[in-house]
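Two complexes are shown next, each including chain A; its partner changes from chain B in the first to chain C in the second.
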Partner chain A sequence: MKLIRRSWQGALALLLCLAALPLLPLLGPDAATAAGNGVTVLIFALIVGAALVSFARLSAPILAAILFVGVYAAAWLLIGLLSGNEGHATSAFFPLIAASWLMAWRCVSALSAVETRSATTEALLRLLIPAIFGAWILILWEAVTRGAGVPFILLPPPSAIGERLASSVPILWADVRQTIFKAVLFGYIVGCAAGFVTAILADRIAFLRRGLLPIGNLASALPIVGVAPIMVMWFGFDWQSKAAVVIIMTFFPMLVNTVAGLSASGIMERDLMRSYASDYWQTLVKLRLPAAMPFIFNALKINSTLALIGAIVAEFFGTPIVGMGFRISTEIGRMNVDMVWAEIAVAALAGSVFYGLVSLGERITTFWHPSNRS
Partner chain B sequence: MQTEKLVQDRILPVAVIVLAIVAIWYIGAHFMNAPFQRDLDRRANVTSTAADFFKKTMSQPKPILPAPHQVVSNVFENTFLRSVTSNRSLVYHSWVTLSSTAVGFGFGTLLGILIAVGIVHVTTLERSLMPWIIASQTVPILAVAPMVIVVLGAINITGLIPKAFISTYLSFFPVAVGMVKGLRSPELIQLDLMRTYHASTAQTFWKLRVPASIPFLFTSMKVAVAASLVGAIVGELPTGAVAGIGSKLLAGSYYSQTIDIWAALIAGSVLAALLVALVGLLGRIVDRSMGGRSA
Partner chain C sequence: MGTAREMPVNETASSVVSARRLGLTFETNDGPVHALSDVDLEVKRGDFVSFIGPSGCGKTTFLRVIADLEKATSGEITVNGMTPEEARKSRSYGYVFQAPALYPWRTIEKNVALPLEIMGYSKADRDGRIQRTLELVNLSGFGKKYPWQLSGGMQQRASIARALAFDADLLLMDEPFGALDEIVRDHLNEQLLKLWARTEKTICFVTHSIPEAVYLSTRIVVMSPRPGRVTDIIESTLPRERPLDIRETPEFLAIAHRVREGLRAGHSYEE
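Let's look at the complex of A and B:
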């Protein structure tokens, strides 16, 4: 058995460290505080150590744990160096960041190779691996924007966005209440309900179905957001106009998906219902609606994103002085880019929570479906 | 016999529904425009008969809801009667939007395919990137659009590229997800056959995975092209209304030119339908030339 294994990330990381050596020190001569020798040596030791460990034939969890600790300590030290010295990083800084990123990659690939039988470990891994990836996007973003001194307007570092997020919670909360709790929720519920009722109608009347379905399919390709200015003109600047846009945007996906779902039950099952002498509504409630649930939830998921987009874009055309779309368009005009990013982070969070809630509802109601059984 | 059935089952219902929509539209236009017209009449001290009044509500210059024939005549006038380079021509604005849609769609498709190939072949990427790609769909990406435009404008990147960037962002996702599904669609037994042939990974990829993924690719490209058109239109909103369907919408909403807004919407819809149809046609041609059987 060989004692070492191939690790191209490790080899490349060592090369990068070597390349960084002649380019030292880490910070330029005009930086406010110079990088201490101790810290520099420590960073090198951590990265080189991690790279060397990655060649060793250790079991995957131990290797991953060692790399995890080493890599994050190095990254933390490197970014710590930058505080107060924005834009003064020398070309020695970036190879080291790249090297620690490579080691993080190695750590993730070690984690991906872990084979486990227990469900909790599996779930933990499923969370941990994307989390490491996401954290590294943030670290690289922070290091590049602050190390190279990227103009604040172009791309603020995540730490500044986080600070802005924490310091303006009341404003953000008011925006969320205006946009999501008033416009999006109302529009979403009414739009989905209208689509659902129309689908049932279309199911009863074949003529209506033949006429509506092609139109509904076409409508799903149309840029429906474009009705936003018209709705703002009709219903005024407040949330009602945004809710109207959301209703129109969510109606067609719901209609098309529900109609498709209602024909999802098999002929055998429908024949069985007929042999029980069940009437139309009994068949609908007991057989066809449950069978349509996966389709309906698909529409609900699509609509959760569409609803947010519709409400935010409609706010570009006119709002009272509160709301997420309003905030984005005014703060960008004032060049407060960190506030815009904070708003986007909130929108992303709200979108994910919305989607997550719908998925949770799906898991509870369609527990019988093959894709939910494990 | 066949055509008779086609007319009865397909065209007739759609035609009836479309006619119903147009009728509702006319009635709606009459009632929504009536209050303003009554106001005008009172100020001018005119009393008009019901028929006259109806005609007047159909021909206001800035109606709340323009009547269908007003919109149609506006579209016709601005499409066929104006020179293509004119600032008022819908063809010109559609062309501006179409070009950024096409560039963004091209890059988005390419990016989506690359990501899909990476995800299918590298386990690390699959486990770390895939959850983020799915999460990115739950984010209202369009909210970023104005910022991307303004920020890129601040460093002197203006015109086509920022809009195309948004289109790229919106269109890469459906393609990536569809392609991952498509590249994974060969069954185990087919992959095993490739192994018994001692095929390399590259050979399996080109001879089995790629042909199997083509139908998935075109299905998701249809979604992507519609998404990138929306991206291009929304991307035009904050650029200060220079050109494009989005800027036409914004200008219309600033000056209450409702007929112009509706005309721009119609232009956008026609563009969307054409693009989706084009991608569908392309898909059918590719499928046929690869020897696919029509389903």
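Let's look at the complex of A and C:
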């Protein structure tokens, strides 16, 4: 018992290998090339080997490293079999993919169990675990779409999307410039700034506060598909009309959050300012705005997502022949779904970078907040 | 103000707080609450006056009226010979709240600098004052820390430093040590007395601890609730120089006894 530990993933992987045996070969009779015996044996050896190792009482890093190598080699060989043989994988193929995925799971749980006192190792692990996770989403996606021959229109394999991404960099870059660096950034900055300034005015002038906020809630429910064509009519086809849509979308979240944030400071803190005979602006700058920062950053984060969605969707209603939304709407019409997916990948990446930058700003600015203290 | 205490000055000139038939009624949904009624009180320059009484007897309210954080509904009150509003606008007092109320995004140093920035002290003047007041409350070396990196007692001392940093000769303190444990509290009481002697400020101090009131004060104002009013004012016979073990002396115990009697008498009004 000492040398063995429980590993249900290992047990299940062994069962799956066993189940795959009678279903061999890995590729159907119509496949262009047959799966060589050597390769098949190697794949089995890798998976069974990894499964057996997972029962051994090894230290977590060593176990994780062995599983990592075994599992990726097996997945690489399995997917390699598919090139030229799309749609010809037999039912022996999928249990083996599932078994290697189980061993990857085991690898991740071994990694999560690694105890470390070094901060760099810790940070590395925090990156490695989601990276393995993400890689497996792609591997499964690739194996299923190509192995089962899912029609390209429905879901292209990630490798095709990646190829398209790499070969269309100039077009994608032009789209990013048009949509993100013009419409999104301009609209985001102007919309957030306007919302912020209006919030201060509403704070200063009571009738604005009472009149504007209910309307603000109404306006934040405006359907973007209704507003976008009108903005195109008003401001023309170029990025200005998209920026206008982004301004409308980002204005109210900023307004509402800033107004809420301005009342976030405590009564005692405000009495303190009063005891110093501090004037309105001093109290605003030295107390109420710093206290409102968590709220303001909340709006900035919400708006970073909204702005991207707004600009892309608004481009569906008319653009010059460039822009991410324009590309998506025309390429889907031409059945170039790989290009659509490439734009989606770029949008996801850009959105994450944008959100990440705002979050970084938040951590620097509101370091004092109980949720950020270290 | 440095020599005020030795100078033989007349009644009105030396009066820092003067209340005549002062009343304050809060209109609430459950009807009026008489937080203060018919309060007559004279606080002289250099006094250390403690307000003691059960909770709800209007101690905080009285301090807040002095500070112009609350408006009296009847009677008269002057602070430094002015209305409370004028006194607040001329920055005549420093207020220490029950909680430290330090701003978490400012370091201790910057928190002490806050009133100085608002009142327009020059940068050089600010730096000197921060250093001096932090020294006064034994926090030199902690200026660069953030409030949440310090203990509760240290935070409260920082908030006292903040109230001492600017030139106000009246210090209003509302149960500043209420949330601290006894040992820290003893220590801070001792420090506060030294600080009072050194700075020659007038202090109004709210507490509900009898030993604390007797140990610190030159005068003890005993209050009772419903309606909030003053039931006794006790002049302390203790010397100004007070080591902690003065609390063992018969004189101290006699004063404490009288305060306790006063509190008990206040309570007999309730059914």
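Keep in mind that, in the parts below, the second predicted complex is superposed on the first by the 365 of 374 C-alpha atoms of A that agree within 3 Å, B and C clash if a C-alpha of one lies under 4 Å from a C-alpha of the other, contacts with A are read in each partner's own complex, and residues count from 1 in each chain.
One rule holds for everything that comes next: contacts are C-beta pairs under 8 Å (C-beta built on N, C-alpha and C of every residue); 3 or more make two chains touch, one makes a residue touch a chain.
What you see is a predicted model, and the numbers here were worked out from it, not measured in a lab.
Asks: Overlaying on chain A: chain B and chain C, fit or clash?
Replies: Fit.
Asks: Once chain A of both complexes is superposed, is A:132 in touch with chain B (first), chain C (second), both, or neither?
Replies: first
Asks: Is A:274 touching anything from chain B or chain C once the two structures are fitted on A? First, second, both or neither.
Replies: In the superposition, A:274 contacts chain C only.
Asks: For A:340, using the defined touch cut-off, is the partner it touches chain B, chain C, both, or neither? Pick first, second, both or neither.
Replies: A:340: touches chain B, not chain C.
Asks: In the overlay, answer first, second, both or neither for which of chain B and chain C A:218 touches.
Replies: first
Asks: Pick one for A:117: touches chain B only (first), chain C only (second), both, or neither.
Replies: Neither partner.
Asks: On the superposed three-chain arrangement, identify whether chain B or chain C touches more chain A residues.
Replies: B
Asks: Once both structures are overlaid on their shared chain, how near does any Cα of chain B get to a Cα of chain C? Whole angstrom is fine.
Replies: Between chain B and chain C, the shortest C-alpha distance works out to 10 Å.
Asks: For the complex, give me every residue of chain A touching chain C.
Replies: So the residues of chain A in touch with chain C come to 266, 268-269, 271-278, 282, 286-287, 290, 293, 366-370, 373.
Asks: In the complex of these two chains, what residues of chain A are touching chain B?
Replies: 105, 108-109, 111-113, 126, 129-130, 132-134, 151, 153-155, 207-212, 214-215, 218, 220-223, 225-230, 232-234, 304-305, 308-309, 312-313, 316-318, 324-325, 328-329, 332-333, 337, 340-341, 343-344, 347-348, 351-352, 354-355
Asks: Going by the contact rule at the top, pick out the chain C residues touching chain A in the complex.
Replies: By the definition above, chain C touches chain A via 67-69, 88-91, 93-95, 97, 99, 101, 103-105, 114-115, 117-119, 146, 148.
Asks: What residues on chain B touch chain A, complex-wise?
Replies: 9-10, 13-18, 32, 64-65, 123-124, 126-129, 131-132, 135, 137-144, 146-147, 150-151, 154-155, 222, 226, 229-230, 233-234, 237-238, 245, 249-250, 252-253, 256, 258, 261-262, 264-265, 268-269, 272-273, 276
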